[in-house]
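Each chain gets a letter, A, B and C, in the order it is written, and its residues are counted from 1.
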Amino acid sequence: MQDKNFQECVKCTVCTAYCPMAAVNPSYIGPKQAGPDGERYRLKDKAFYDYALKYCLNCKRCETACPSGVRIGDIIAKAKLESESFKPGLREMILANTDLMGSLAVPFSPIVNKALGLDISKKAMDGILGIDHRRTFPSYASETFVHWYRRKAARTQKKFERQIYYFHGCYANYNFTKLSKDFVRLMNACGYGVRLLDKEKCCGVALISNGMGKQAARQGKINLASIRKAGAPVLTTSTTCTMTLRDEYPHVLGLDNADVRENIQLALKFIYEKVESGEIKLAFRDDCRKRIAYHTSCHMERLGWWIYATRLLEMIPGVDLRILESSCCGISGTYGFKKENYEYSQAIGKKLFDNIRDAAADIVATECETCKWQIEMSTGFEVQNPICILADALDVEATRALNGVR
Amino acid sequence: MHQKAGKNGPSFKEDATMRFDDIIIGGGLSGLLCGISLAESGRKCLIVSQGQSTLNFSSGALDFLKTKEGESFEEALERLPQEHPYKKIAPEKCFLLRAEVAGLLDRAGIGTFSDIRRNHWRITPLGVLSQTWLSLEEMAHFDKEALPEKVLIVNISGFLDFSPSLLASGLAEQGVRSEICEVSVRETDTARANSSEFRSVNLARVLDGYAASRLAEAVNGKIGDCDFILLPAVFGLESDTAAVRFLQMLDKPAALVPTMNPSVPGIRLQYLLKKRFKELGGTFLAGDTACDGIVEEGKMTALRTRAQGNSLFEAENFVFAGGSFFSEGLIAGKDEIYEPVLGLDVDYSGSHGDWFSPDVFEEQPYMSFGLRTDADFRVSLKGRTLENAYAAGQILSGAAPFRNGCLGGLSAITALRVASMIKNE
Amino acid sequence: MQTAGFLSGKRCPVVKANTQYYNMSVKKHYDVIVIGGGITGAGVARDCALRGLKVLLLERYDLTNGATGRNHGLLHSGARYAVTDAEAASECIKENMILRKIAAHCVEETNGLFITLPEDDLAYQKKFIDSCRNAGIDARAIDPQEARRMEPAVNPDLTGAVLVPDGAVDPFRLTVYNAYDAQLHGADILTYQEVTGFIKDDRGRVRGVTTYSHADKSEDSFYGTVTVNAGGIWGTLIAGMAGAGINMFPAKGSLLIFGHRVNNVVINRCRKPADADILVPGDTICLIGTTSTRIPIEECDNVRPTPEEVDLLWREGIKLAPSLADTRIVRAYAGVRPLVAADNDPSGRNISRGIVCLDHESRDGIPGLITITGGKLMTYRLMAEIATDMVCRKLGSITPCTTADTPLVGSDENARPDKEKPAASTYRAAWGRHGSNIKDIASGSAKDKSVVCECEEVSVGEVSYAIETLGARNIVNLRRRTRLGMGPCQGEVCACRAAGLIAKADNCADKAKKDLASFIQERWKGMYPVTWGATVREAQLTSYLYQGLCGLDHYASESREERPVIQGGRNNEI
């Protein structure tokens, strides 16, 4: 049966005012036309609006703005998957298969990282693949998080009375393992053992945005089966993975996750709630004198969970927290890597970059990995996940003691 | 559509909480003004806002109350039917609240024009002169006796949500002559290549930058013998000064006329109010929907929202400022009208056939449906007043906003009234 | 001379150089005057023009204002009538095949299902199929499972299904392009020109008509050798003015329009024709109908669906396609069928939907007047042929009818938009509406490409085309010629833009504003009976914008609905 959410649209045009892409790209017909208006026409003829769907960033700001609860971004994402003209090429395969590329790259990370940084490879990728040469690729870790976990952490996790599962996602596994390791450290200090899911596949967000819906759905089924099997909270450190698992699975891929949706949570929300209920106690060192500019990523804004991140950060003594006005950084995952999108990507991010510079902070905090690449590349400011900031500021011994961890 | 979140999700989770002093449901004009007023006195507030508000369709002015020729606001208030929300506020208090609204906007960096004692006139996109009480400073506002003689009406080439011809014919009814012209600069022509998104907001994004001075030059070249210039309100989206700065570049007195939606002045008003609220330490949760709450012994204790799942928001006071039907502060089903969060008592009458008038321009009965409140704007549930839950703005019953000309003003006045009730406790 | 309408000089249209078809000087003397701008009148005008007759079409308001614009838009296969009226069924299927050919751009070949539900008698199916075959309708029983595959929206509980060659036809397009085609062949089309009486000579022969222009508020007269009364249900009043009595039985039918398509195949109930048993996908929407209630002739100008009818349509519609239960209804409306009693049956018990062509000379002793009535949208072409044949006999012409083979303008080429090439959605949508006439729709400049109506993808270029070529002079006209304002928002986004464009084209902003007010009023009339849920939000937003922001109520008192001059009819004799 049709998903009729699009008919809640009352054509108020609000979404169009908050679309970062329509603001800079005259070829994009905007969220209203590509989304609910288009959906209505596509019931008659699938080819409608086909040509314009590729411009959508999937930032979901239209959904946050919509007074009618229309899942505009999901509608567009779904139409894109069903569109006949939108077929992934080699570039899309490479960018979207974060999982596969990660497993290939990590064993050779010193070489791969060096190669990715070379001008000549950047030019080659630009020319052959259409990946913009101005982009800095995130570097690969020398050992995946999962490998490290099995080697170093797995054994000790079972001793904790309380257990949670961790959906680490690709970035924390292949690229930035400090985040995943910090997360384990933090949870352990709070008295929680961290377990990995039976099988974890890439959440599929990049597959969805690059037109590979079938593969995304296959991976999604595996993930949901593992999450079901876990039967305990499954925590994440990536906002985008969280949003994909919770919202895009049912709305875009048609995977029913109603039974486990509430189990999937951003770790920050979980930790805050436990702190508030007294089940977790945090002790921080008092030498963390920092001004932190908090950037609410698009998907965090959509989740509506930035309140937990900021409240946790505010608990760190000595932290001067500035919450930046939430605006899109422009990269939107693999989107900004594509040559044809680079200029738009940077134009969209300009406002945020200016705000970051104005805030004159020591560090920028955000949960989104691709925002991190974009902001670091475009402003030179260091960007950290709040989990890392919390872990760094944590008085581990004191916290362990408070939570009764021996 | 309005599923209670409490029924979703697994059972192993217990509720968690986040505490505030006051929680406001609705992030439109009334929610924001109420939140700012409370935050200004140091209270910790949360605003939960389901999407954008009707400020996105604003005329750039707040109508307080229609008055007859020579009539004072106090006399007009006296005339209102008993069920009108203004009737719950003493006229002297209402006078002070009007002053307070203007002061609050000023502190938020919003320049306005108003006279606490009487209406002035705003110009609608059709050129109709309409009574209003408070206008954003860049918006066209006049005394009826002091209308310009000949107006240059300028449009940006290709912009469809503003029609100089319709505006001109309305002005002609007032004896005002006009010239019409279209101007463009490189940037507006580029933006125009977008066949569906050449809207007020995207124009403003372009015109708030360097293009403004060239546009001003183009306009100045067309002034001729006109003594006043009117342009569509496509300036000053986020900056509080861009619109005024642009108007100052023109060689004759000039002002802006609202466009069809989205409304740039309304969005800016909202942006600046939101900014002010956050600067005062307020938490503005956008895109989340209040969906359930806990009421214990005549008091509301907690609110549940759709995005937060098992996390509850607790507070001392709650304000229902979720707007009317459009904003889903109220829901109209086929047979009943209800308030979606708690199922509060709603004033409405008759069955579906009685809710609407066949004449679209008559005051529609459904527009006056809303929450039943006591003299202090406290809401009630199943006949019992909730001692710490209030309502403000369009969600209130009895307003008849078009007949009484109180769209916007009602939201502002009742919001501040509720804030003062909460603060005085 | 004060005239108005399609080719009126009064509207001060900017006539483009390439519209050589424009015939700006309306003549006074014609071979044929056709009264009524519904599909029948437009069809007669075209047939006459194709046969080389000098013809004038007079319409009281806008083309399609009557029953033509207020029906299902079903391209009947005839199956619905197969059991009860074999003749009508066989007429239908023949015309169905002709329309697919000559009016391709007005037709969508969807096919239709006649479904049997558990509460229906499956035995009826056999009788139904037999009757269809007898009438020449290709009806084939299919497995319920196949029916569900073919149309996923169909009630999954169905116990039987018959596939028939139903389709969808857009009555607005069909009428406008018949009129336009007639005009291209030399006809004059005048809208907003109400016939107020007949001009008879001393022997009682009808020589012409007197008219009142609703546009200019002026009176006029036109002369024709033969006058064809194609006034639909109002035909009885028109004939009455000439002194002829026609026994008509107005039957009101109500329909609901849903905001989008739930089905792509027409769904009917396989049972004796009853209320609310046809669900038709029409362009971007789908509609369910109808009811049938006798009403007095005096009420024909002001029919409205009752709450009971709305409820019935909705409940019965859900039985055809359960997904309608939570599909937004955007509009409810009603039309009046012109049912005619046989001349020998004044009681009206023996009413036919068949075609009735009356020669008032032999019947009533009034030479020079013909009435063509009865019939239905599907058989308009045949009705036109029959009437024009009679006209030709009276004029001594032997030119044969060619309308069964001559495609309408717009359907004359088989060119389809290039599916491979990404096309702007406005282009794609306009192709669906205007067929090969799209060549006349400007789409080169940024201005032409700008979207006016976002629900229905109507560009500035298409609006200009409708104004300059299809004679649109107000927003309602634009709606009927382009679908502007027909989407879920019912004009909330586009009405003001359209008014601005009309004001500019017309150089007459005062009129455009009154027109805007009456358009918003007209849209509301169809909305308020079905206003709940999202539609209340839509309505309130429209009020915020047009009343609160624009102050449109200022023009409300001047935007009176169109009211006929003639209620009872009067006779002008010379």
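Rule of thumb we're sticking to: contacts are C-beta pairs under 8 Å (C-beta built on N, C-alpha and C of every residue); 3 or more make two chains touch, one makes a residue touch a chain.
Quick caveat, the model's predicted, so the values are computed rather than measured.
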{"item": "Innermost chain by mean C-alpha position", "value": "B"}
{"item": "Pair sharing more residue contacts (C-beta pairs) when B-C is set against A-C", "value": "B-C"}
{"item": "Cα-centroid distance, chain A relative to chain B, in whole angstrom", "value": "34"}
{"item": "Mean-CA-position distance for chain C and chain B (Å)", "value": "42"}
{"item": "Whole-Å gap separating chain A and chain C, where each centre is the average of the chain's CA atoms", "value": "53"}
{"item": "Where chain B touches two or more other chains, by residue", "value": "1, 57, 192-193, 195-196, 261, 326, 328"}
{"item": "Contacts with two or more other chains, residues of chain A listed in rising order", "value": "8, 10, 12-13, 29, 32-33, 68"}
{"item": "Shared-contact residues (touching 2 or more other chains) in chain C", "value": "451, 454, 493, 537, 541"}
{"item": "Contact footprint of chain C on chain A as seen in their complex", "value": "1-2, 4, 6-13, 29, 32-33, 37-41, 43-45, 47-51, 68, 85"}
{"item": "List of chain A residues in touch with chain B within their complex", "value": "8, 10, 12-14, 16-19, 22-23, 25-30, 32-33, 63-69, 232-233, 258-263, 269, 272-274, 276-277, 301-305, 307, 311, 323, 325-326"}
{"item": "Residues of chain B that touch chain C when the two form their complex", "value": "1, 54, 57-59, 124-126, 128, 130, 158, 160-163, 165-166, 168-170, 189, 192-193, 195-196, 198, 258, 260-261, 263, 324-326, 328, 331-334, 352-353, 355-361, 364, 366-367, 401-402, 407"}
{"item": "Residues on chain B engaged by chain A in the complex (per definition of touch)", "value": "1, 8-10, 12-14, 16-18, 50-53, 56-57, 190-197, 199, 201-202, 205, 261-262, 267, 275, 278, 283, 285-289, 305, 307-311, 326-328"}
{"item": "Residues of chain C defined as touching chain B within the complex", "value": "307, 424, 426, 446-447, 449-452, 454, 459-460, 493, 496-497, 499-501, 503-504, 507, 509-510, 512-513, 516-517, 520-521, 523-525, 528, 531-533, 536-537, 539-541, 543-545, 547-556"}
